[in-house]
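Chain nomenclature is as follows: A, B and C, assigned in order of appearance, with residue numbering initiated at 1 for each chain independently.
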Amino acid sequence: MPEIALEVRNIIAGYVPDLPILRGVSIKVKSGSLNVVIGPNGAGKSTLIKAIVGLVSISEGHVLLRGKEMYGIKPHLIASYGISYVPQIDNIFRTLTVRQNLELALRSSGKNANKRLTELLEKFPILSGKLKEKAGALSGGQRQFLAVAMALSTYPDIILMDEPSAGLAPKAAQEILEMLRDLTNSGVSILLIEQNVNQALRLADYCYILAEGRNQVDGKASELLNNSIVGEIYLGGKRLRAGA
Amino acid sequence: MIQHLLDGILVGSILSLGAIGLTMVMHILRFANFSHAELLSIGAYVALVFDKMFKVTMPLMANEIGPLSMTWALILSIIVSMVFTAASAVLFDRLVFRRVREKGEELSMVFASFGLSLIVRNLIGLIFGLSTKLYSKDIVFATVLSRDPLLVVKLDQLATFTITLVLMLVIHIVLSRTTFGYSLRAVGENPELAQVNGINLQRTLIVVWIIGGGLAAVAGVFYGLNNQINPMIGRDLVLPVFAATIVGGIGSVYGALLGGIIVGLASNLALSILPSGYSPSVPFIIILAVLLIRPNGLFGEARA
Amino acid sequence: MIGILSYIVFFTTVASILAIAVLGLNLQWGNTGLFNGGVVAFFGAGAYGTLLLGGTPQPDHIAGFELFYPIALIGGMAVAGILAWLVGILTLKMRHDYLAISTFGVAVAFENLMRNAEWLGGGAKGLRGFERPFRESLGDGFLYNLIFLIVVLLCLLGTYRFLETLVSSPFGRQLRAIREDEKAARSLGKSPARIRLTAFVTGSVIMGLAGGLYGTFYAFVSPQDVLPTLTFQIWAMLIVGGAGNNKGAVLGAFLIWAAWTFSGWALSRFAPVEAQLYTGSIQYVLIGLVIVTMLLWRPQGLLPERLVVSQSGLS
């Protein structure tokens, strides 16, 4: 596994060609590290992740997966290269049952599908009792666990998550973040968007701060946690002035 | 009254087959495909051509199956027609709809479908002539199910209904028990999430067109078998098939199944109240009723 | 000579009437992004409405109020407007393909109703008993047709002017905003549904005007005049001319009408006798090809929409 699992170089991207949301963002994700992206609303954090997985078009710049250029590759193929993505909302299929959701995610696992399903259910015991229920009938927290389970089902090297702890009780949020921390110990690289900044920074290795579609500050998570200015601005909830 | 119910279910099952492909396309591509009904017409005519061909080249196949007027040749022709019609559906998408989408004009797909339906319908008329045709010139006698109340049914109708039920069962099994079926439903519910989970959107779309086209072919042949074959099949079935998708809820295959039966029943029951000249308006009234009472249909959901 | 002149007057009259309908459609589709799949229903409502209100009483159907002509015409437009309002209330808040299907259904039902309800519109025989206004004083000849053409052209000009003013007004901006992005439009504080309804009804009233003039011109209307064909023709006119551009709408009307009448004439003149039955089919294939090829080759039409520069500061 190369040192830099995922790199984003100066990308300009948006939903509509003339209206870029990202105006030159760069990110480096080291193998086996837990990285967090934080910033005010509208900073482009979700757009960044969507651009990486091919759901938003990039007009300039590069996305490199293990050094390989990802430009022009369709989302479903990018998914097959070992990247998993968990959106913030609508991250499970409500009309399918829990089991069907998992089986769908395990489609590409072939013969290993059954084994992996058992392993997933061991990791997420809360789901084993609910296999026959429609995913839409689960509680918010249970849905989130299902979404994470689906992402993990393909044993990805790189996981991108948009606010995985959103809407979760603090204990459940901690559980998920710790699960992700554990994964990095086995070499998985993780990039998270989080509003739950305190919790995330305590467990993360590195942190990027985005605003107005651009990089603002980045550094080791522990340093940013102790940096009083950053603390005032983001951890206290104050907003950064426009322009940078 | 019960006779109307019987006829209604029969007609309805044909509409159901036609509606399944339409509801999937409408849900995934978000456009009302006015040319879908022409696939039924294509299906009917292609089967006619091959039926005649098989009867001539393989006289044994011209034997009727039991008491039905259907021949083995026709069964084979239906299969050929399914392939041909499915291919046509994919071709239409490749030639017209995809190009319109790529130009960024999603909304224009509806016009394109209007234009396409005009072309297909009238080309069929030009090629095959405007007169009505039949698969078999034999007169089919109706079987009397009961004398009082008088209930008659043609065995052909029973056969078509049975085949339709079998097809519906197959579809149900695929959708509820195979990962392929899950992937179809997933794409319908959330195309982005589906792609992120490794589902090839383009390929799924082609499969949807193939299934829709194949089922439309069967529906077209059955319609031709139970009524007659003429170039206006598409024009006559556009509104009823749309009504079936709206009643059932756009995007729901089960909704399309049920919706077709409901539209068929309602249309036939209406015939006992209204003068027959008004029957083309009944699907429209049904659509209005659905919009007033339950706009998303039976099983439809407002799409994210 | 008079013959050719006469024909030109005739052609221009019909093309101008259709152009008015295309302008109405442009307001709905070009400016607001609303898909009206049943243009002919509103056109027909105007025609039947005008003739019923302005015609003499007939034994087999209702109305025949012999109203003063301009009132009858406005009445016809009102009928179209009411029909549009009813359809719009039900369908405009749904996804756009529901509107397409519903309006298409309205047109099917309208033709079906007019064909069967003899008490309403004379049934398949059509509506008689309407006298072209001022016929007694002006006679039935070339002079009348010329004056009628001038009246139609004035209506066309008036409609064009009205729509151009509308497009550059704040209301026009709202329409464009809704067409592009509904969420942004909602943030402007206006109710998109209400604005859409207004645009839809206004466009349909304009179609009703066209229908009323059409019925007046022939002093007769029948279910044959309200077939889906007319919807396709008017759509083709807008697509060819340029959706979103009023000049384009008028241009498209004249071009397509010329192509239609020319192809009709050429087919009946040069096609062999056995093929005469199929001239209609050939024309339909041609119009279908026109629609599809325009959408693939130049979807914005011959005269694309001019971008109206907004002064409101919204970028």
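Going forward, a residue touches a chain if its C-beta (ideal position, glycine included) is under 8 Å from a C-beta of that chain, and two chains touch if they have at least 3 such contacts.
In this text, all values refer to a predicted model and were calculated from it rather than measured experimentally.
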Item checked: Where chain B and chain C overlap in contact partners, by chain label -> none
Note to self: Of the chains shown, whose Cα centre falls closest to the middle of all protein Cα atoms?
What the structure shows: B
Check: Computing the C-alpha centre of each chain, which chain sits at the greatest distance from chain B?
Finding: A
Item checked: Dominant interface by contact count, named by its two chains -> B-C
Note to self: Quick check: how many Å separate the C-alpha centres of chain B and chain C?
What the structure shows: 32
Next item on the list: Give, as an integer number of Å, the spacing between the C-alpha centres of chain B and chain A.
Entry: 43
Notebook entry, point to check: Centre to centre, by mean C-alpha position, how many angstrom separate chain A and chain C?
Noted result: 53
Checklist line | Shared interface positions of chain B, touching two or more other chains | finding: none
Checklist line | chain C residues counted as touching two or more neighbouring chains | finding: none
Next item on the list: Check each residue of chain A and list the ones that touch at least two other chains.
Entry: none
Notebook entry, point to check: For chain A, which residues are in contact with chain B within the complex?
Noted result: 53-55, 74-76, 79-80, 84-85, 87, 90-96, 100, 103-105, 107-108, 150, 154
Checklist line | Contact set on chain C toward chain B in their complex | finding: 33, 35, 37, 90-91, 94-98, 100-102, 104-106, 108-109, 112-113, 115-116, 232, 235-236, 239, 277-278, 281-282, 284-285, 287-292, 295-296, 299
Margin query: Under the stated contact criterion, what part of chain B meets chain C in this complex?
Written below: 26, 30-32, 34, 96, 99-100, 103, 105, 107-108, 110-112, 114-119, 121-123, 125-126, 130, 238-239, 242, 246, 275, 277-278, 280-281, 283-285, 287-288, 291-292, 295, 303
Checklist line | Complex contact set, residues of chain B against chain A | finding: 179, 182-183, 185-186, 189-190, 192-193, 195-202, 301, 304
